[in-house]
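Two complexes are shown next, each including chain A; its partner changes from chain B in the first to chain C in the second.
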Partner chain A sequence: MDHIQTMSTNITLPEAFTTTAHHISIYFQKLIQLIEFIPGGAIIIRYIKSSHKNDPFRTFLELILVIFAIRYFTTKRYESKKRGFVKLSEKEVKELVDEWEPEPLVLPVTAKEQWRLDAIPIVEKPGYDSKLKLQETSQSLVNLASVNFLNLSNDEQTTAEAKRIIRQNGVGACGPPNFYGNQDIHIDLEQNICKFFGVEGCVLYGQDFATTQSVLPSFLKRGDYVIADAGINISIQKALLLSRANVTYYNHNDLNHLEDILKEFDEEVYKYEKGPIPRKFIVTEGLFANTGDIPYLPKLIELKTKHKYRLFVDETLSIGSLGKSGRGVSELFGIPVTQVDIIVGSLATSLNAAGGFCIGDHVMTYHQRIGSLAYCFSASLPAYVTKVASTVLHIIDSNKNEKGESQILSSLHSKISAFYNLISKDQPLSKLITVTSSPESPIVHLQLNSTIRTALGLPASYTGIGSEIGRRNKLGISDKFIEELNNEEKLLQYIINLVKSRGILITRSTFTISQESLAVLPHLKICINDGVSKDELTNAFNVIKSEVTTALTGLTADGFQNL
Partner chain B sequence: MSTESREITPITSASTTTTTTHTFSPETQELKQQRRHRSSSIISHVEEETFEEKIDQEATPNLNSEWVHSKGAWVIHIVIVIFLKVFYNLVPGVTNEWSWSLTNATYVIGSYIMFHYVKGIPWEFNSGAYDNLTMWEQLDSGDFYTPSKKFLVGVPIWLFLCTTHYSHYDLQSFVINLIICAVGVVPKLPIFDRLRITFF
Partner chain C sequence: MSRYITEVDLSFLSKEDKKENEFGALTSQEYRYKTVSRNGKPLPDPIEDEPPYYVYIITYLNYLILIIVGNIKDFLGVTFRPSVHKDLLQHDGMAPWYSMFESFYIRRMKQKIDDCFARPTCGVPGRLINCIDRDAHDYNSYFTYPGTISTCLNLSSYNYLGFAQSEGVCTDESINSVDVYGVGSGGTRNTVGTTDLHVKVEKTIAEFIGKDDSILVSMGYATNASLFSSLLDKKCLIISDELNHTSIRTGVRLSGCSVKSFSHNNMAKLEKLLQEQISQGQPRNHRPWKKIVVAVEGLYSMEGTMANLPKLIELKKKYKFYLFVDEAHSVGAIGPKGRGVCDYFGINPKDVDILMGTFTKSFGAAGGYIAASQEIVDRLRLDLNAQNYSEAIPVPVLTQIYTSMKIIMGDINPGEGAERLERIAFNSRYLRLGLQRLGFIVYGVDDSPVIPLMLYAPAKLPAFSRMLYRRKIAVVVVGYPATPLPSARVRLCVSSSLTKEDIDYLLRHLSEVGDKLFLKFSSGIAGGSLDGSKPRWNVDDVIRETPRDCKDPRFFVGTAFESKES
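This part shows the complex of A and B:
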């Protein structure tokens, strides 16, 4: 007992360590011997032995790394919680499916909207001639409702060419342009359009409404910037939505506002951009489909050059109607077409065919041949349609005088300005309606005067920011019927019917109201074409004036019931 | 179409003359997105995608990151490492220790550029829905601990252990290789997901 006590007191601290270390090393060696029995164990031991090199800290680090790797490999996969989906159990799914009652695909026509169907005139012969006959009553009408501005839809030369090509090439192209859809006639038309406008490249599309929606997204993506006019048509609105670019709108045709925005973007946004330089576009229309006015192109060109933007102009209505030889809005202002970076036009308006096209420099148009969805996947135009467009271009250019003015267009322009002078300078009429279109526009837009609109209790706008439709779209309400809009459109149709009963067919603007995201108002539209004589136009003006006056004088908000 | 992003966003204008209307912006994405770039902090976090971006991301398979899952894509990592080692061995004047370290460095820096530096997709098919994300973040639509990700974390660790072993545990090369290994492994950890470190 005594001996042991003295032993324990004599043991120093370092000795205790060495003894424990000694014991551990014995066990460790036994462990190593054990490991060596395992197949491949000898290799591990050799590796660890040669790794150690009398540096335990390093071995420790490596061990940690190995443990980390093992832990990483054995962790179960888990989803990042950023998906924003709700996971429903099978029972919940079943309940939801059972509860769901589908809305009808097409809502039944209500009594309040029945007039829309009744108002559609049915004409005897197909075509958009300047003279029509109604099917039921055989009443003759002067057609001021079609966009056939040059009145070439039943022209002998164009119809003869169309017939010839139908016999030669049939009626369908049977495929997208890149997949056997393009025939020699298509290439001819592309070259003809290039020659007509003096541009490097042209791409044909099968549908004019889809042209913009395919061209713009092929050049724009997220992070790009678009400054667009707040009066653009629905086709461009949808194109910009599809392009995913950042869109900012400037007040309709207010180029000072545009300049302010451009300056602001230069100072506030682009300066702080990192990474690749974004693409920057100014988007506008040559002749606004919603209002009938024309942007001041020289200023736009100046702004886009100064602030390094690309200019996109939708010339659906202006090509073949504006400019001394129908080259559109750039010719109207005496600017070369090449100054505008991208022009989209329609073959379905003045050119009397179908489809659309995009013109510009070679690189820009060539990109579309593989980068534009509608060009790649949509069927090409029928051959005879393209031939008609080629013929119309030929007709426009064939009777030019030495000043470069096409005879057919100067005749159209004189009629437009004569009618515009009549309708815009009429004092009594200006108290009832406002002419929103430009003097050069072949479509004359008449909007109810703002005083009358307030008197009738109509809102300043039906769509756009802060409107009722905007609210319903936001809340996902599928019922888009608006009493005031229905009333206003009904009133316009009432005027159209009155005018129609006196032998003149005019029209009004129609919208897919649920899809419009910018402010629009319904207008009366008078589309002047070359087939109508000046006398007929004067007569049409007198009829429209008297009928508008009858319809609008003394009309109160309650009066809508009686229309 | 997200309704939230359609709020009117008046552009903050320094000049008071232009206060009239910036009311037309139904389609304008929040200018927040633009302002995000102005953040002056060195460390920033990539914001969650909007509903539209998510739809665009999931509309089509991401061809930029799908190929990583194939067996050939796994084998090629090993092949590249062997190829690099052979290449550095052939360079005159490079010792075995240096040859391993250089192999390690080349592989890790190369994969860092590929997985963590370059953002977006080299070609265009979903309107730039992945433009803010690196390839690592695009992999498996951002899920963690997937087989491909485990493999890609494993390779730099394995390479580091090989390197230190065959370079005879010289302290200098050990430290260098450990740092290189950290460059290869640390950005792949879930806590560093969508983190951006920008110095200028």
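This part shows the complex of A and C:
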């Protein structure tokens, strides 16, 4: 600019004007050349040129709009920070600070809840075998409580391999997989899992509960759509919360309802969306952790193909227990595993180790290696743990008959169905309890019969929409203690204690009730273990039946209150 | 050449060699240093050295070129070779797994240097680490493995106290525990996942940390991810250091509470924020917050800085917030007795409400803990998601935690724990001062075993990593998005298992590589020089002088002023 000013001193005004204009236009052209260098810049320039030629006024208007927009955005940030702020003097601030009394960090466990802490069983050696020893009891108990269904915790082969690898690799991996925490043993397990399921990729995680919470948010973002089963477990609920996607629930295992929703979305939502197609997922579980039932997978595959969704299935409990060779719910229905887009499994259930994994195609799994937070920002599993899982996969596959049935799973399946037949077909028992789990489920879920629940004045659900917990969460009430829930769970624990005194350990569902956002009810859970013989199972059934009958027959609302 | 990795047989190593590779024997009693407790004194404000401006300009240009070239390639690729870029495009009426924009950094930058990340290893990640060699093909789109290994000096693992070992009492105990308890965990802690060993280890942790009780969780990340939901709801506020770990941020997001953050370690900003938030209350309705939690980390793993605990405690008394400290990297590695930042600063652990930490680092195990007062632990035992829904820590891992902790406490093999603590303190200070004297810019406090060495330009990441790998040194390089855009760095994690001679070797090679890559930018204000001149020592002088000098606080800027005062 001062270049122009010095010139104007000895040049007449009109001349000065033209030279200035000339200079400006040179600068302007240079600027345009510069903009053209930026990717996409050429398009902008072409746009401005063409619109200017037709209508200079419009360019002017747009320029003003741009300036206005910039001003708007800069001022808005300033105002939003200040908006709603009350101006306070220093003295007032000090007073307010002094006055402020926070709530305690947690509410103390009250006398009414103390039984929960006392009821946590403490297991002693030899750990999770078919017979289990508790600190409180002198004799061993039949183990119908732990989730290592194949009973390989003290198996000769798994323990020998574990010891060998600890001697070779030590215990911890001391680093995340991307930073030297990726040992040959880990990669070996990933490859073994891929081979086992016939998939392209596998990613290991440090804990099964954390796996889904990390996998789903790495593919779902704001603006994506999820249609999920209303009975999914809390890990998936949390995953969906983290992903910020639009979530719609269909009634638990009601695939007709799902279909209606899919149709409705096709017609009412996606049709009006502009821009690229959003990512769309159907989310469900292979074996529901809260209820023990199984979704009808063929229909889900049909629906997801027809409506162009991806299918996510959480197989934490189903892999290694469902299907003739333990491949999970897909195998149960004779569907190739690759038909499901994302499968999450656990290494801590049948596979007897610890941690979780996610399998699927190469693109999806590769993306997790940098995009999935619990993978990138957490240390790898101990090497021996992954070796144990590899060994269990080997054990499952090493003893197969010509029909492809794994011997160890056939054995487990026959025990599951024997027990299921006993407990689900017993007429007197069905008046007291309802079996909610599927015949194939290794965990048999028992729920208090609805007539009994009504008689005891218990609500249809403690959590979810319209429930008491839902109300308190909405209002931000810290106290989440609910008398009825406490009593119902206490009643179940009472039954567990009765059964325990007769030499059998069963368990019940435990919740963080304030965190559950979908409807749940407390259940008794009987986990079938392959190490337990059929006779022991029959005996267990008789014991459970008699103790349930003792506890529930003639139970009045008063008696219930005073348990 | 195979595309697959199979278990590598390392049995050719004799037991003695294996032992020495995992944990180098101490070569002289001189090479130990006992950390001094700060006795409640806060840290002085950190002095951060800046490189010359042209370094920043080059760095930004680096990124600009990467972004422009990447975008052009994307554009051309998608237009002319859609079949190759199928993953990025809609197909069969479905959106791609990830959008072009989301994955831009991964595809166009990280993948080009993928050979520096996720190097497969085998054996123990101890003093030396065995990296499985691999050949990259087609710009790292796949690797083949020629079947050889490179045994490198290990500056990458979080093996602070050197407990990554396959020989010694820890390993023996873990192996024994397999025979006694089996390998599996039977379920969640609140159903049948609790063994008597869990109870015993929880009590030991509580004793070690100085709290009433503790809770074990089977994964460090998940410890944080599940904790905050059980403490906070939407009427609560959390104030979080901007550099807090992803696990904390995940946990906070899951809790649904309000979040504010303050600039890293800036106590003045934190105080201002506290005043503002307490006086203003919740947004819109101005009701007072139910509670406020301040969340910080003991030792920041990317910065080497520490939370200024004495100052935080002072603020806590004034503003009545609850304090959460993540000691993932500091527990075991920091403090005269290895008890973490409270120990280091001479603060009563009871003054911090929740102390969290992990076992993947100093203890050579896996999992995390939460240590707190009995009242808090009892409530969390019932209401923590990790207690109700996730698997318990398996017994062999528990045994490793127990044994290593008891060694640090001096109850097993008395003297061994002290040696480990004094060796990591010496090694950290020696390496830090050595690097400063050579002219590198390093971040962090004097006693931090994490030493970030600044590289700035992203192109130097792969160059540095590859050059050192050729010199048989394994390091971790980190750039955007794990660090701010212009401050790519290499993170050196010091371990007790390194000998002084290992660090000599390291310093020689770093010095050479530093010259070749133009990394010696330091001005001396943050250390390495006492007279304000630019430190550019000769490496022989560094190795001769520094082992002695590193024990003297006068040579460290952070503590130099204090020692002058006293």
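The criterion applied here is as follows: the second predicted complex is superposed on the first by the 461 of 563 C-alpha atoms of A that agree within 3 Å, B and C clash if a C-alpha of one lies under 4 Å from a C-alpha of the other, contacts with A are read in each partner's own complex, and residues count from 1 in each chain.
We adopt the following convention: a contact is a pair of C-beta atoms (placed from the backbone, for glycine too) under 8 Å apart; a residue touches a chain by one contact, two chains touch by 3 or more.
All figures in this text were calculated on a predicted structure; none of them were measured in a lab.
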So, A:E405: does it touch chain B (first), chain C (second), both, or neither?
neither
Please work out whether A:Y128 is in contact with chain B alone, chain C alone, both, or neither, and reply first, second, both or neither.
second
Looking at the overlay, does A:D266 come into contact with chain B only (first), chain C only (second), both, or neither?
neither
Once the two complexes are aligned on chain A, which partner has more residues of chain A within touching range, chain B or chain C?
C
Who does A:I166 touch here: chain B (first), chain C (second), both, or neither?
second
Between chain B (first) and chain C (second), which does A:L241 come into contact with in this model arrangement: first, second, both, or neither?
both
Thinking of the overlay built on chain A, is A:T510 touched by chain B (first), by chain C (second), by both, or by neither?
second
Contact-wise, after the overlay, does A:D426 reach chain B, chain C, both or neither (first, second, both, neither)?
neither
So in the superposed three-chain picture, is A:G206 touching just chain B, just chain C, both, or none of them (first/second/both/neither)?
second
Report, in rising order, the residues of chain A that make contact with chain B in one complex and with chain C in the other.
84, 221, 241, 371, 473
Where on chain B is chain A touching in the complex?
1, 3, 6, 8, 11-15, 17-18, 20-29, 31, 33-35, 37-38, 48-49, 51-54, 56, 119, 124, 127-129, 131, 141-146, 150, 153-154, 157, 160-161, 164-165, 169, 174, 178, 181, 193, 198
Chain C-facing residues of chain A, complex:
39, 84-86, 88, 92-93, 96-97, 100-109, 113, 116-117, 120-129, 132, 135, 143, 145-148, 152-154, 158-159, 162-163, 166-175, 177-185, 187-188, 191, 206-210, 213, 219, 221, 224, 233-235, 238, 241-242, 276-280, 308, 310, 346, 348, 352-355, 363-364, 367, 369-371, 373-374, 376-379, 381-382, 384-385, 388, 473, 476, 478, 505, 507-508, 510-512, 514-515, 525, 527
Within their complex, chain A touches chain B through residues 47, 50-51, 53, 55, 58, 61-62, 65-66, 68-69, 72-73, 75-80, 82-84, 217, 221-223, 230, 237, 240-241, 243-244, 246-251, 257, 260-261, 264, 267-269, 272-275, 371, 464-466, 470, 473-474, 517-518
